[in-house]
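Next come two complexes built around chain A: one with chain B, the other with chain C.
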Partner chain A sequence: MSTALAPDPVRPAPASASAQDPAAAVRAVRRARARRTRRALALLVLALLAALAVRVLLGRYTVTVPDFFAILTGERIPGASFIVLQEKLPRAVLGALAGIAFGCSGALFRRVLRNPLASPDILGITYGAAAGAVAGMAVWGLRGTAVSWTALAGALLAAVLIAAASVRLRGGAGIVGERFLLAGIGTASLAQALTAAMLVRLSLNSAQDAALWTAGSLSAATWERITVLGACLAVAVPVAVVVHRSLEPAELGPELAAGLGAHPARSRALALGLGVVLAAAATAATGPLAFVALMSTPVATALTRGRTSIVACALVGAVLVVVADAVGSELLGDVRLPAGVVTGAVGAPVMLWLLVRQRRGASA
Partner chain B sequence: MTPAFRIRGLDLGYGDRPVVHEVDLDVAHGCTTVLIGANGCGKSTLLKGLSRQLRPAGGTLEADGRDVRSWSSREYARSVSLLPQSPVVPEGLTVAELVERGRHPHRRWWGAPSPDDDAAVARALELTELTALAARPVEELSGGQRQRAWIALTLAQGARTMLLDEPTSFLDLAHQVDLLDMLHGLEHPDGTRATVVAVLHELNLAARVADRLVAMADGRIVATGTPHEVLTPALLAEVFGLRADVAHDPVGGHPVVLPRGRAREGSSPDLPDLPVLSDLPDLPAVPAAPSAAEPARR
Partner chain C sequence: MSTLSPARTTSPVPGAAQRHRGSALLGAVALLLAAAAASLFWGARSVDPATVLAVLGQLPAALLDGGWSQVSAGLGIDAAVVHSRIPRTFTAVLVGAALAVAGAGMQGVSRNPLGDPGLLGLTAGAAAAVVLGIGWLGASAAWQLTALALAGSAVAAVLVFGVSRLGGGSPTPAGLALSGAAVSAGFTALTSSAVLAVPAVLDRFRFWNIGSVTRADLPDVAAVAPLVLLGVLLVLGGSSGLNAMALGDELAHGLGVDLGLQRALVFVGVVLLSGAATALAGPIAFVGLLVPHAVRRLLGGDYRWIVVLSAVLGPVLLLLADVVGRVLTPPQEIHVGVTTVVLGVPVLLVLLRRGRSVGL
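The block that comes next holds the complex of A and B.
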């Protein structure tokens, strides 16, 4: 290897044997990191399977493992078949799918906006969906699946509002990070105000439905919703993985990214769009599960020791939602809480912790 | 030989605000060109133009004989690299991972890094003396080590031409000298000398490493030439508003700027009343001679 540096007698020679071949040392460092990431992913897959098993098999109505597989293969066991196929399994699967969507969405938002608090639940995307859903119930008197569509419309409308306030087309700067954050927070409070205004107009009965919906719950899980959300994710998640990867240069700041031949403005807009779609699709199916998108990225990053893997974020999101649903509906004795209330209760301290950590990081 | 950059009548600006006016400049390959000038004179803007971040508002800008707008961005990034003034430190990366990001224009989005990538990263780490820190998180580095990591990233990019915007900020004097000497003598793995265009604030360091100095004021080029030709009391007064003497380093013969104070507004730039210390009698200055500490240059 030719180096053209002037001979420098005082440079200390690293003592390890790997110093013989510097490229091999670089490779070794990289492989150790990759191994750690793979180990964290394997751990998360096991955790998700365990959470799903607990959710489906245990709780108030316990199903044995042989019975469960018998039911899956089509055998009809009176009572158990109905509870597993219409209640427990759909809730678990929908929870996992929604968690994956929120986790991916949070990872994309965070990478684009480079702020630990940047996530679709803080920035009004999910509140927009909630406002859309409540509007569907209060204004048009919709019920059931139709509400999902107004929720989706609400989320997209919120995204358009944020984008309109933050995109600067002239000068080619694209989406401006701080303005996006501020516009998002503003949109969130606007959507919450609208939701509250419409809740007041609802009859007591519908208001309870709407409140359950705006808290975020898996109680309305149906195979129809699972199919729709699953189809969305089958397309969006692989694209999200690619886009997340393509944003690696953008993390270094717009100037260096451009110097590396990347198109940060384009991939950032694409990532945010995809993040909005993922969060909107999940919210339309389950309601806004508070803080799942916000929490999954830091938890996943801690598990992979710093490296952000969007797959890890997705798996953390799935585990969080399934566990929250299990805790809320089964493990609190007579109290039954929707999953969104549980994630919100866990998420609020996590958000405070993130704020404190961010301030410390800024002052260091 | 085709110059690295051929600039004719170039205008650059942000929106409606022009910053660089009618710049004519040829930047030769294999040379270290240093841009100097007061704050806000357009040095960094010119560098942004060269790195294609600003679209020329007028004039022509060619890199390797081709209009810069005709290059694809990956192709351009393999040929011209940029180290901006304040890059962003991503969370949770090790030094080796950060430097590997420099390989972006050489990589496809699927596949693992190739042996070429590893070799380039290893070489960049070695040149910046960061090999021992390869597995450390970037967040734990000191300011100076971090700056060297950014330079390593730019080196790993493997571009023939490197654009550096104040690469020595955050470095102590010893590391500044180390870094600039390293860049000055830098060869690419194929043996050709690197082309470096840098913005530097420290004039004496600029004089030490530059083959060619380009002095800018108010968005225009005021003087170009060897450090001896450019660093004169008259020019320092014009460009920086600085009253200064220029002496010659007894070792190596580089000009040395000795600041005396701020030039008074309206005062004539030739400053006849100051004692002139330049040209020590027993050490005739060798114009633009290579420093004695350096290996023979081609």
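The block that comes next holds the complex of A and C.
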């Protein structure tokens, strides 16, 4: 009955609105889009909470919800307190933070370079971090937290190399993007060659540590690392959100964006710099979690249907990392895999899909 | 006007270019000999040139006597050092020729200036296939590893180029390079997963994954040499087709060139060459990018000559990179995989800056 009645009052409304008042029609479209984005964001927040809950409460050692809150408020439960506070909770929180950082970084790179494959894990930033970490182990014999600092130095060095190679050219903003891509690819292959050459010098045990490091894992999560990374993100993420929004016209290409009054050169450089810092900080804390930055933007765009929201990208990244860590460390029976291996296995097909889709788009 | 201009443009050019080409080829061969000599005489340990000559003089007789194993047994340290330089010189020659010709072929087939087996992920594909083979199939013989490397680079080539055919359009140079980097990153992720899941693999694989000419021994070189020769011949056979392709597909059809066949020839040749080179020396990038472009600047765009000269000059680049890596930090040696990248990245950027003038 309702289906029979519904068309009559509804159908004339949009037609008359678009005919008489285009502004109202545009507003309606915008409102619908904002609603879609809000719904996707709410969904993602729920998914992240669910993933965190699964990671902390379930697995080999299950914790009940009342116990969990009791532990959080300071009550000591033998065994459970230690496992939750020193193992499960730090891993979950660090994973979420790293995912947020990678997601933001990927979204910034994607927006500036306008290519779905241009992400910090393909353009050498995370490879630079891995090379820095392996160099720290092989050349200076470092262990533990000190390796994070050489990794950070490696990532920043890679970024400086890329910037030095791509910034010099005056004018022609589109070419700077291409130069950045190629300099990034070159830096990636340099970092990989160096990593391989140094891996040979290590003893087998250290080489295994280094290989674990170059894949990326959350097994070294400590509250200290969480504090450092959290402080970085507290500063960088709000700026990233603002910059990402201000670059929205850049999606149309540099000429149109300049015509719309954006300051492309300055905000593009700021966005790339922020993206590098976010990726470097996250990689220093967890190692390069393969393809998280690459995957999060297209997945988020698919969820919000058409509009890229950096918050959605960050949330997708966080969900990906937490779920990957849960799967790798708890859900595969006796095999324990680091989170980076799981994200790599999921990310490779996504990357291929992007490759095919990009080519289709290029020909159309 | 129309009767004058063809005569003016065609008559002086071919003769001059041919003289030019002949002398260029001679010069390249001389360079190759000099580079090979440098590779034998220089190294991390300085050896008296007289000793080197003496060792080289004894070589033919000893080889006739009882093969390579007979030669290296029971000699002084200096002689042993010289002996260790012989296989690495041969490896560098073979791998350099293979990579340079593969790069020329890729640039021709994709009509894209950034064709290189390392940049476009073919060597990463070969490495991933080898690590999977070591881990799960228990492969260890040289021929098994070579076969795996060939299969891996074929898969990577199909991914990078096949996907681009699927779309129909021709991607921009940077776009193709990015696809290659993405495929390469995918294979790297796969490799590191395998290495972490099966720890025993790591110890063998990490020696396999450096780009270095020191690993292969003379029997390995001899086993791979026919593959490289076949690959060079295939690319050379397709090179007149590459010349036609450079004019665009329609014009090539109009000239009566069977594009599908020529493309397939070059494609198979490129896969053979990249796989064989990676099997011998691990992933080495940028040789395939640098050498054909240098030749193109010298001699212009005729692919038959680009392929021939690349086969001669590729070894020169790799030999020199190896010698520099040996001499720079005396007790330690820098692997060629690192040296070639350091040389290659600036050239990559210069090529991009000249941008569309490097039309293929």
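Methods note: the second predicted complex is superposed on the first by the 337 of 364 C-alpha atoms of A that agree within 3 Å, B and C clash if a C-alpha of one lies under 4 Å from a C-alpha of the other, contacts with A are read in each partner's own complex, and residues count from 1 in each chain.
Everything that follows uses one rule, which is that a contact is a pair of C-beta atoms (placed from the backbone, for glycine too) under 8 Å apart; a residue touches a chain by one contact, two chains touch by 3 or more.
Treat the numbers as computed from the prediction; the structure is a model and nothing was measured.
Visitor: Is A:Val242 touching the first partner chain B, the second partner chain C, both, or neither of them?
Guide: A:Val242: touches chain B, not chain C.
Visitor: Which partner does A:Val341 contact after superposing on A: first (chain B), second (chain C), both, neither?
Guide: In the superposition, A:Val341 touches chain C alone.
Visitor: In the overlay, answer first, second, both or neither for which of chain B and chain C A:Val65 touches.
Guide: A:Val65: touches no partner chain.
Visitor: In the overlay, answer first, second, both or neither for which of chain B and chain C A:Ala211 touches.
Guide: second
Visitor: In the superposed arrangement, does A:Val29 touch chain B (first), chain C (second), both or neither?
Guide: In the superposition, A:Val29 touches chain B alone.
Visitor: Which residues would you name on chain A as touching chain B in one complex and chain C in the other?
Guide: After superposing on chain A, no chain A residue contacts both chain B and chain C.
Visitor: Show which residues of chain C lie in contact with chain A when the two form their complex.
Guide: 114, 118-119, 159, 163-164, 166-169, 171-172, 174-175, 177-183, 185-186, 188-190, 192-193, 195-197, 199, 202-203, 206-207, 209-211, 282-283, 285-286, 334-335, 337-338, 341-342, 344-346, 348-349, 352-353, 355
Visitor: Going by the contact rule set out above, which residues of chain B touch chain A in the complex?
Guide: Residues 14-15, 48, 51-53, 73-78, 80-84, 86-88, 90-94, 96-97, 100-102, 104-105, 109, 113, 115, 118-119, 121-123, 125-127, 129, 131-132, 134-135, 137, 153, 157, 163, 181-182, 185-187, 189, 191, 193, 293-295.
Visitor: In the complex formed with chain C, which residues of chain A make contact?
Guide: Answer in residue numbers: 115, 117-118, 121-123, 165, 169, 175, 178-179, 181-183, 185-190, 192-194, 196-197, 199-200, 204, 207-208, 211-212, 214-215, 290-291, 294, 335, 337-338, 340-341, 344-345, 347-348, 351-352, 354-356, 358-360, 362-363.
Visitor: Contact residues on chain A for chain B in the complex?
Guide: Chain A reaches chain B through residues 1-7, 11-12, 14, 19, 22-27, 29-30, 32-33, 114, 170-171, 242, 245-246, 248-249, 251-253, 255-256, 258-263, 301, 305-308.
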